[in-house]
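Chain lettering (A, B and C) follows the sequence in which the chains are written, and residue indices restart at 1 in each chain.
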Amino acid sequence: MHRVFQNKTAIFLFVFPGMLLFALTFLAPIVLSGYYSFTETVGPGTKVTMVGWENYANLLFHDPKFWLALRNAVLLGIGFIVIQHPICIFFAVLLDRIGGKAEKVFRTIFFIPCVISVVVISKMWLSLLDPTFGLLNKVLDVLGLDMLKHAWLGESSTALGSMLFILIWAGFGWGLLFYYAGVKGIPEDLYEAASLDGASGLKLHLRITVPLLSPVIAVQVTLAMITALKQMETVFLTTNGGPGDSTQFLAVYLYNKAFSASQYGYANAISILFVIVCLIATYLSNRFIRSDATEY
Amino acid sequence: MRTKGKTGIWIFFLIVAFLQLFPLVWLVDFSFNTSADFYSDSILKWPSSPQWQNYVNAWVDGKFMKYFFNSLFVSAVTIVLTVVLSLTLAYAFTRMQWKLRPLFYSIILLGIMIPIHATLLPNFAIFKELGLTNSYLGLILPYTAVSVPLGTFMLTGFLKGIPKAMEESALMDGCSIYRIVFQIIAPLLMPALVTVIVTTFLNCWNEFIMASTFLSKDALKTLPFSVMNFAGQYSSDYGSQFAVMVLTSIPAIVIYALFNEQITKGVTAGAVKG
Amino acid sequence: MTKQSRLARATLLTAAIATVAALSACGGSNDGNSAANGGGGGGEGKVTLRLFSNLPDRKSGQGLAEQTVIDNYVKENPNVKIDVETLAEEPFKNKLKAYMSSNEPIDITMVHGGAELNTLVQAGYVKELDPKQYEGEQYNFLPGVYKSFTFDGKLYGLPRNSDYEVIYYNKKLFEDNGVKVPTTFAELLDAAKAFRDKGIAPMSINGKDLWSFGEMFQNVVQRYSGDQNLILDAVDKKKKFTEDENFLKAAQFLQQVRDAKMFQDSFMTADYGASQNLFTQGKAAMWYMGSWEAGMATNESLPEEFRQNLGVVQFPIAEDGKGKIDDLLAWNGGGYALVSSSKHPEEAKKFFDYLMSANQWAKTAWDTGAAVPAQKYELTGKESEVQKKLTDILVNASSTAGASFIDYGTPKYKDDTQNAFGKFFSSSAKPEQLLADLQAAADTQ
């Protein structure tokens, strides 16, 4: 091995700026959060009372909303994995099959929602799902399906499902793109060999495509869980956690605790647990699915 | 038989694409209507007289040009920083030999997992303390910080698949390590770099919560914020609100259309190499 | 190992902060340059004041009134420039908290009296005012309007309006459908049913923001008990939500309201603007909102037909209650305060005093029909019908609440209470459950 690869100055120059930025925007705030999580205060610069583990104890043992927010994140994550991902894989396979110019055109079209700002997406879907002038209810009217009409985001029973739908609509393109890339990487002769064995259609794909996509699937499942846990903007801009906590998520909850309820210490305790939960989730999903998942 | 199957897929795709894009068509359609038209029964409504005024409102009162250039500037600088930092980090993590390498690599990867919202409150206080809250840097730094872990992750994967032969022969020729990274490795990484550039672009272009928390000076605000601003200012005028939403979406769509080939190539290349 | 890495981290942090500080110094000097360029023509001693407001619409209503006063002041004081930053209500509240926690040097801010202002006071973010200075002709404040702005006997802001909850209604929708404008709870429920049968939303409300539910509950409680202070006592824990039967009756009435589908279909996702739109576009017969919306009658961006049919009426009474129709849920909510970290405290104070003068904000707001001031104002004879009716309602009030109960406790209390209503209206929870939640909120504040 060449000595240049051990050049300390070069290593320092390569690593230091990135780590510095990381320290500033991730480590320092977390340390500060950690401090505030043991206090009771309405905000920095005001009277700070140390309360020890009280915030954490309250969160873990006396705060149903915290658990509700976690449950919603898990439900959303499962929704992604069970609904969005199979659809993405299915479309990726079809896209690979169709070939030619169409492959390119549809690939481009399906990705368009992904480039639209979350603010626009949220505001747009809030209107689309509006019970009075929204598109969905009007379409149901035209189809004579009035009984299916709902105040989609405004009813506890349909709010989380609607949220999942919006997020799938917005995130479909990314999933598709990654799976499509995976499908493209599967050598054609594997299919030929398998079809000589008499496998075809769904069976062929279950035997070849899915197993060969498993590294991609592993990464995508991890990302799906993280995305679900981190969910903030779309919820914040549409339902703000409501109605009645039915779309409560950790990030929205901590934002409202800090800003609306002025429980800054408590909000920071949520932050810390939030970080821990995200790390555990990543660890678990990596562990469960495949140890080499991150070697993508 | 093969062509028959393809026609089937064609039709199926056309239907799905239509359904998927219909919300956007609806958005554009109603951006030409008045607020009163929103409550009519029709699914799409041909405006009796197109409300160009909505777009004038969006352009002028939405301060479109100003916010557009802010978004452009912030995104551009963030992209440059992200590319340089991710490239050097990825190189140090794959090629360089040093003791703390695995530790630092895991630390950087944590950046993908840690939710930015959890660090939002203290970050604001820290940035304020440093006098960053009302400057472009106040957005550029956190955006870069969020983009670098993902970028490093993507580039590391890609770099592992590139044989070292080229670097070794360059070293023989007396090339410095810096030239190797920026002049030899960077071009080889082009497909992956494009992916990093585009994801970074989309992330900063559309980011909202940090922009709304960190910025207060109107002169610095970015495009998503104009939608928010505008929604307050024109709360009773849905047509104009839709117009500003359409306007802010156009640049991202155009840029995507331009680079769409490279994104796919980048992602595909990354996956194959893995 | 751990010790070492901790040390390393600490070093990293310090270095990080030092570097960024250096970088930001450049940024800072750039800012300075651009400011200097911007004010190039203004000559010596140009001062820029920063005003933070919750009125993003500068072309009608209160936003126009606020902007008019600002323009007046700048015209009279050419050395002063006033930068206005505006955000819609909910983002405004969040941003103000962010400013508070970072001690942002704005000069004057809009504030909400009660819980919100109390937080700012605790943080030392707003300046104490001397009430003596605001006595007399120049300001002409009505008696008792400082209540939500006073903490521990000290004044921290001045109210801009007399706020009271009313029901705005669409006369044409009522006439066309043969519905009586409700004066009692039974009539209100009848009206809900009648409009529902015709496919019209009976009443629009900003359910996403949640606070209007609280105001309505307070209104209803007063109508049963006839006592404006009962609910405030409950916040102070002198009474119990779960024990006094007036609370139970009120919660039961809200249940009837919920079951009658009184509110528009989208009420739980409707923010302020959305709920207003539904009403101003003639799709809802009533809008439950405060007197600060008087400006709708003169806002030319609203449909002409709507403005001509806009009516306003007091909250109805309970047939079996002790409250009278003239008992008014009035308080002083919105106002302005001076920020402690202001860089130009003297100039800021000068402008603040100007803004709060009876012949500036109060006169402008009234003359443009934007709001009902908290100061004495002269009738001009050119008032809209809505303004006249609102004046009558205020002048004839037999009692006033003085405070909104959701703002009467801590911010946490407000948050918990509002969420209790959100839960109640979006589920089929029993009235007893609502009261238990309200009691829990009072107990844990």
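Odds and ends about this structure:
What we mean here is this: a contact is a pair of C-beta atoms (placed from the backbone, for glycine too) under 8 Å apart; a residue touches a chain by one contact, two chains touch by 3 or more.
Labels paired with UniProt names: A = Sugar ABC transporter permease; B = Carbohydrate ABC transporter permease; C = Extracellular solute-binding protein.
Bear in mind that the values here come from a model prediction, so they are computed numbers and not experimental data.
When C-beta pairs in contact are tallied for every pair of chains, the largest tally goes to A-B. At the far end from subunit A, in terms of centres built from Cα atoms, lies C.
Taking each chain's centre as the average of its CA atoms, subunit A and subunit B sit 16 Å apart. Subunit B and subunit C have Cα centroids lying 37 Å from one another. Annotation for subunit C: residues 17, 20, 98, 101-103, 283 touch two or more other chains. Annotation for subunit A: residues 19, 21, 24, 28, 44, 132, 255, 258, 264 touch two or more other chains. Across the assembly, subunit B contributes residues 38-39, 121, 125-126, 141, 228, 231, 238 that each touch 2 or more other chains.
Touching subunit B in their complex are the following residues of subunit C: 5, 17, 20-21, 23-25, 27-28, 30-31, 34, 56-58, 83, 85-89, 91, 95, 98-99, 101-104, 272-274, 276-277, 280-281, 283, 301-303.
For subunit C in complex with subunit A, the touching residues are 9, 12-13, 15-17, 19-20, 93-94, 97-98, 100-103, 119, 122-125, 201, 207-208, 210, 264-270, 278, 283, 410-412, 414-416, 419, 422-427. Within the complex formed with subunit C, the residues of subunit A that make contact are 19-21, 23-24, 27-28, 31, 42-47, 126, 130-132, 151, 153-156, 238-240, 242-246, 255-264. For subunit B in complex with subunit A, the residues that touch the partner chain are 5-6, 9-10, 12-13, 16-17, 20-24, 26-27, 38-39, 41-43, 85-86, 88-89, 91-92, 95-98, 104, 107-123, 125-126, 141-142, 144-146, 148-149, 152, 157, 168, 171, 177-178, 181, 202, 205-206, 208-209, 223-224, 227-228, 231, 238, 241-242, 245, 248-249, 252-253, 255-257, 260-261, 263-264, 267-268, 270-272, 274.
Those residues of subunit A that touch subunit B in the complex are listed here as 1-2, 4-8, 10-11, 13-15, 17-19, 21-22, 24-26, 28-30, 32-33, 36, 44, 91, 94, 97-99, 102, 104, 106-120, 123-125, 127-128, 132-133, 135, 138-139, 141-142, 169, 172, 177-178, 180-182, 184-185, 215-216, 226, 229-230, 232-233, 236-237, 250-251, 254-255, 258, 264, 267-268, 270-272, 274-275, 278-279, 282, 294-296.
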